[in-house]
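Take a look at the structures below.
Two complexes, one shared chain (chain A), two partners (chain B, chain C).
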Partner chain A sequence: MPRKRRSHDRSGIAFISPGMLMLGLFMLVPTVYAIWSSLYSTRLIGGRSFSGLDNYLTVFQSAEFWSGVLRVLVFGAIQVPLTLALAFAFAALFDAGVIRGSKFFRTVFFMPFAVPGVVASVMWSFLLLPQFGPYAEILSGLGLKGVNFFSSGMIVPTIMLIVIWEWTGYNMTILFTSLKSIPREVSEAAIMEGASLWTIVTKIKLPMVMPTIVMLAFLNSVGALQLFTEPSILAAFQPQAVSFGFTPSLFVYNTAVGSGQYELGAAAAVILALIIGAISVGGFLVRRRNGEFR
Partner chain B sequence: MTLRKMRRTPPRPRARALKIVPLVTAVVSVIALSGCSGGSDASATVAASPSSTTTASCSSGATQLTFWGWPAGYDLAVDEFNKTHPNICVALENAGASAQEYTKLTDALKAGSGTPDIATIEYFELPSFEITNSLVDLSAFDLASVKATAAPVAWSQVSRGPAVYAMPVDLGPLALFYNQKQFQAAGVQVPATWDDFAAAADTLHAKDPTVAITNFDPTNAQATLALMQQSGAFPFTYSGGSDLGINFTGAKQTAFAAYWQKLISAKEVTTAADFSPAQWSNLDSGANAARLSPAWGPVGMQLSIKNTIGDWNTAPLPQSTAGQTASGNWGGSSLAVVKGTPHAAEAAEFVKWFGGSDASWKILSGDVGGAFPSYLPLLNDTTFQNKTLPITGSTTPNSTFATAAKSVENPQWPPIMTAALTQWTSTFAGVVNGDQTLQQAFATFQDQMTTYAKSQGFTVTGS
Partner chain C sequence: MTSIRQSGPSPQTPTKQRRRASQAADQIDPRLYGLPRAATPVLTILAALFAVFVLAPLLWLLISATKSQADIYTSFGFWFSGPFRLFDNIASLGQNISGAGVFVQWLANTLLYAVAGAVGATILSALAGYGFSRYRFRGSNALFFGVMATLLVPITSIALPLFLVYSKVGLVNSVWGMILPSVVSPVGIYLMRTYIDASVPKDLIEAARLDGAGELGIFVRIALPLSMPGLMTVLLITVVAVWNNYFLPLVIFSKSSLYPLTVGLSALSQASQSGSKAELVPVLITGGLVTVVPLIALFLLLERYFRGGLLQGSTTGL
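Our next item is the complex of A and B:
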């Protein structure tokens, strides 16, 4: 028995090694390199030297970095529930089979996900232009004149709009698949008992796909905390709207590439990773204590 | 997945694995971000293909040179060079514009491979590459002839003492580009001084509150620095080495900030982002009556407006004191020979031809290129000076810009311009929002740049 098991292991290793090699080369090695280089400083005058935790101290004292962290936390707290609520609503609608051509609409709703984030950001930055965009025109037709989607108060909601547009379809598809896997008998039994469609969706199906929603909430939250593509593209069109440390990832990018302080950027990236890790683990522990993970 | 499976509690080891996975995934992906995002960003905006189209006419035995550049028309000029210089074959590659190219060049220099022989570098960025000892000193390659044909402000920006680190190509001297019809209709004279300018702004705004005399985008570092330069308030002093002067809070800088803040507060100038659709619309609708324009500005502007084509005229920038002729420079670039090239002599021959010959400038200043020359024979040429554009009707903008080109003081660019440009927009956005004044933004920026320069090992002198 043990011998057979070992040959099984060997073929297993062969199968996973390409993936592990990629993971090692493009994830683990850069991670270790980033942590190592975050302990150094390179100066234009004086060159590279070991600086210990100085870079971490600089990031900890940077108000700009922390304001970015706060911004993505608020962003995630609003964007993630909204996206998931919308995604579930559409998935439940299509699953209930009350809509004709649901296959067509599911494809349409999924389409934004096929549009790269860069393209989506470019597209929306034109659609939302304050003076010429169709949306500004529609709003002014409704009596809301001079709405600037890129003003300092509106920029976060605007990015939420773009991100929700991009990701609702993706989340919907996963939830739809999850809903489809619920056996038909469950709904049939509920209908026999006289439950309304609303009751079936909210009281039976929603709890049954909760593990999927929890998983999506986690993935979406990590995505929100790493927010980068949309603001960085918008910055090219609306340079006044997106600041140096608008999100922690932008802070990392601008520090490393824009200011040439790669080591300081690496330190900020490590801190951001630890924040995301802590939030994820904390959220997981709370949920597990509540008995949500089954 | 069946109902029964979902309701069943999974064995504990799985739960423990789940606990670790999110943390590892998150940590790994975020740290990797700092490395990969640069690449994806650059690839998103680099338009041209990396393969060159300029080498078709090259003979097989020619010395091969790689040239990074992005401005329009450069391919045509390189093509002409290759046709007329059979011993040298220059391959033009587009490595992205401005900061994108500089990032790539910096990375290639660090890696010690993949550097081009020649690179387009804007004047403000040259000291950043000088300080890392990345550029070939061209003074050994007989520059007397091309020095004589370059505008002094261009030459002074590429040289430090006896060393010459690049060949100047184009310039962007500032002038007052104004809507002549609108000025006449409002009875406003062309302002000779900045006091006159403020008075004209007042008059225009009083007659029609929707009119602002011009746009002043405080988030545009280059435009703001060019205007500061003209007012004798350029904030940087640098002459090589580790001593750097940063002064955004001196008397002249504060006066400059106060002057523009007053106009911004009174809504007598707008603060739209430069080159935004809003700015073009303001210029075309009469909401802006003038533009503090670089010499390369009108060619692009006439593609972005339509109602006021033919109404625009050019005058020298208003002066601090009547009778002066100071201007500022916004933009323009040079060709530098990158250290590590095995063909420095051939590269020097190319850059001298590119920036300092009639044959090259015939192409660069043509309809495709539209570059404004630092090359004196063309600047002084009457045909060039008397050229009209659709946007300027029968008036001749080049004559004014050519005069301005010869009255720009040498700005002492600091070797930290990449960081300055990255930080600038963010710091000055508050002025546009009305959250802070230009004076306050100057003070903040003074602190930010001082901190940055010190962290880079410079000895900083402030105001």
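Our next item is the complex of A and C:
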């Protein structure tokens, strides 16, 4: 029935085409345009001209850009495992039923998901204000005077704290639902065997929700590498704490919008996209080699 | 994308009875796990400590919204102080103090962007999700994989070139420049596909075809009603995404009258911290409160739909 087949094809294509059209216009076109314009340079005299890979060379040689890349890599390497460990620990305890009022806690933990990153960063900027902020006051009451959360040594941990505040509940919620989908009989049988809670959680349940953890690790890492909102808002309160290229996204934004060098910013954006893509593909390949993807 | 399994979590909300039963089973005697009886209170305190960590900033926001600018800095953040100025602060949201822009305008803009963007995204996601779920055509799997791969593209490499394209086609400082990209939701397409996979039986579609129903008719009269909870989830998730979007509007708008709340509040924090416009601080804080309250209310009212969507994301690949 080739004719029927073809009309079936056509209906399917008709259903997806509005979505694909918008996706093409607002994701594909800008991406291609970014790559194209990164190959050009605009000069005060002479206008726009093809400059090949010059912009890429400039970005590659920029110590500022690479220090930002290094910063988000270190940031992600600490923040993502920390967030996931906290989220999994609470999800497992709620799932095990050893915490009272677990529904209330789950609702509370998830609430920061509804708070825009901008508002979260504004709140924490005031809360962590040196000297006058309530947290500095509480700390000095405890004998820790003069803690500056925005000093050059503390700024990255401070942003980690904000990001952990924002995302732990979201990750916990996903892990909790994933744990809940494990049949009850599994833990009942383990309890009958006399297994401890630690054994049940780490030896039985953790391996079963591993695909979810991998997916979350991936999503959280992509988010960490794109870090922008939190440092850019903190910069309004503590300009000395956040430099021009504090994160790669800030570098892109400040280069393109702040300094008006769109082509250079586009090149940096393409490099950032390639770094994120390489890390994702690399992670995917490692896991496939280990036989974890079917 | 081979990692995606077509598993279907039950879309129906639990009945009252089942909910009561699951609540009773929520708690288990820690001694069954070989833990001392004190484990439950100790672990509950641990959870309470984290709850305090989560709630403290929101409490601070609520309390600070009642203070004057001087009291925000000089009084202890976690308790009330000075005259109760919440209503004066809310009133100041309607004024253009120090020329930084009008908060109420940003709120209206955000509502427009979030509602228009989310409704558009839900419609397009439902259509595309149905197309991917119930039709197999040449290249459909590859295309779906491509849609998922766009999740990897950083927002920075979309928003900046988008601005350049806009400047060529006259969409800079136009509400459409914000609304149109907001209807693109790869996650929405993914969620609708898995939802329809699980809850719209193929046999039902075949039967309707044999009865002579058109393809669009089947979608509207059979598939859509069966996927209502899924549609609701996509709608809510995209509302939150647009409401919280910061980078795109930051790049494409230069007129403060078009700002959404996120960019407006960012502009307010810049203005309030740089030099002589400290009178903007209460506006900033009260504005933050007004930005957060609608979403938290929405979330508390419709929590199960949020969780439904997250659940689907979790059991599959995204």
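Criterion: the second predicted complex is superposed on the first by the 281 of 294 C-alpha atoms of A that agree within 3 Å, B and C clash if a C-alpha of one lies under 4 Å from a C-alpha of the other, contacts with A are read in each partner's own complex, and residues count from 1 in each chain.
Basically, a contact is a pair of C-beta atoms (placed from the backbone, for glycine too) under 8 Å apart; a residue touches a chain by one contact, two chains touch by 3 or more.
From a predicted model like this one, the values you see are computed outputs, not experimental measurements.
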Partner chain in contact with A:Ile99 - chain B first, chain C second, else both or neither: second
Partner chain(s) touched by A:Ser140 [first = chain B, second = chain C, both, neither]: neither
First (chain B), second (chain C), both or neither touched by A:Gln226: both
Touched partner set for A:Thr202, first chain B, second chain C, both or neither: neither
Chain B versus chain C as contact partner of A:Val270, first or second or both or neither: both
Touched partner set for A:Asn254, first chain B, second chain C, both or neither: first
Chain B versus chain C, judged by how many residues of chain A each one touches: C
First, second, both or neither for A:Ser152, with chain B first and chain C second: first
Footprint overlap on chain A, comparing chain B with chain C: 26-27, 30-31, 34, 118, 132, 178, 181, 211, 222, 226, 228, 232-233, 236-237, 249, 252-253, 256-257, 262, 265-266, 269-270, 272-273, 276-277, 280, 293-294
Touching residues (chain side chain C, partner chain A) in the complex: 2-3, 9, 23, 25-28, 30, 32-35, 39-41, 43-44, 47-48, 50-51, 53-58, 60-61, 64, 72-74, 76-78, 124-125, 127-128, 130-132, 134-138, 140, 143, 147, 150-162, 164-165, 180-181, 183-184, 186, 189, 215, 219, 240, 243-244, 246-247, 250-251, 261-263, 265-266, 269-270, 273-274, 284-285, 288, 291-292, 295-296, 298-300, 303, 306-307, 310-311, 313-315, 317-318
Footprint of chain C on chain A - complex, ascending: 8-9, 11-16, 18-20, 22-23, 25-27, 29-31, 33-34, 37, 86, 90, 93, 96-103, 105, 107-120, 122-127, 132-134, 137, 165, 168-170, 173-175, 177-178, 181, 191, 194-197, 200, 211-212, 215, 219, 222, 225-226, 228-229, 232-233, 236-237, 248-249, 252-253, 256-257, 262, 265-266, 269-270, 272-273, 276-277, 280, 293-294
Chain A-facing residues of chain B, complex: 1-3, 6-10, 15, 18-19, 22-23, 25-35, 37-38, 41, 44-45, 99, 103, 106, 131-132, 219, 242, 273, 276-278, 281, 415-416, 418-419, 421-423, 425-427, 429, 432-433, 435, 452, 455-458
Residues on chain A engaged by chain B in the complex (per definition of touch): 26-28, 30-31, 34-35, 41, 43-46, 118, 129-132, 151-152, 178, 181-183, 186, 208, 211, 218, 222, 226, 228, 232-233, 235-241, 243-245, 249, 252-254, 256-262, 265-266, 268-270, 272-274, 276-277, 280-281, 284-285, 288, 293-294
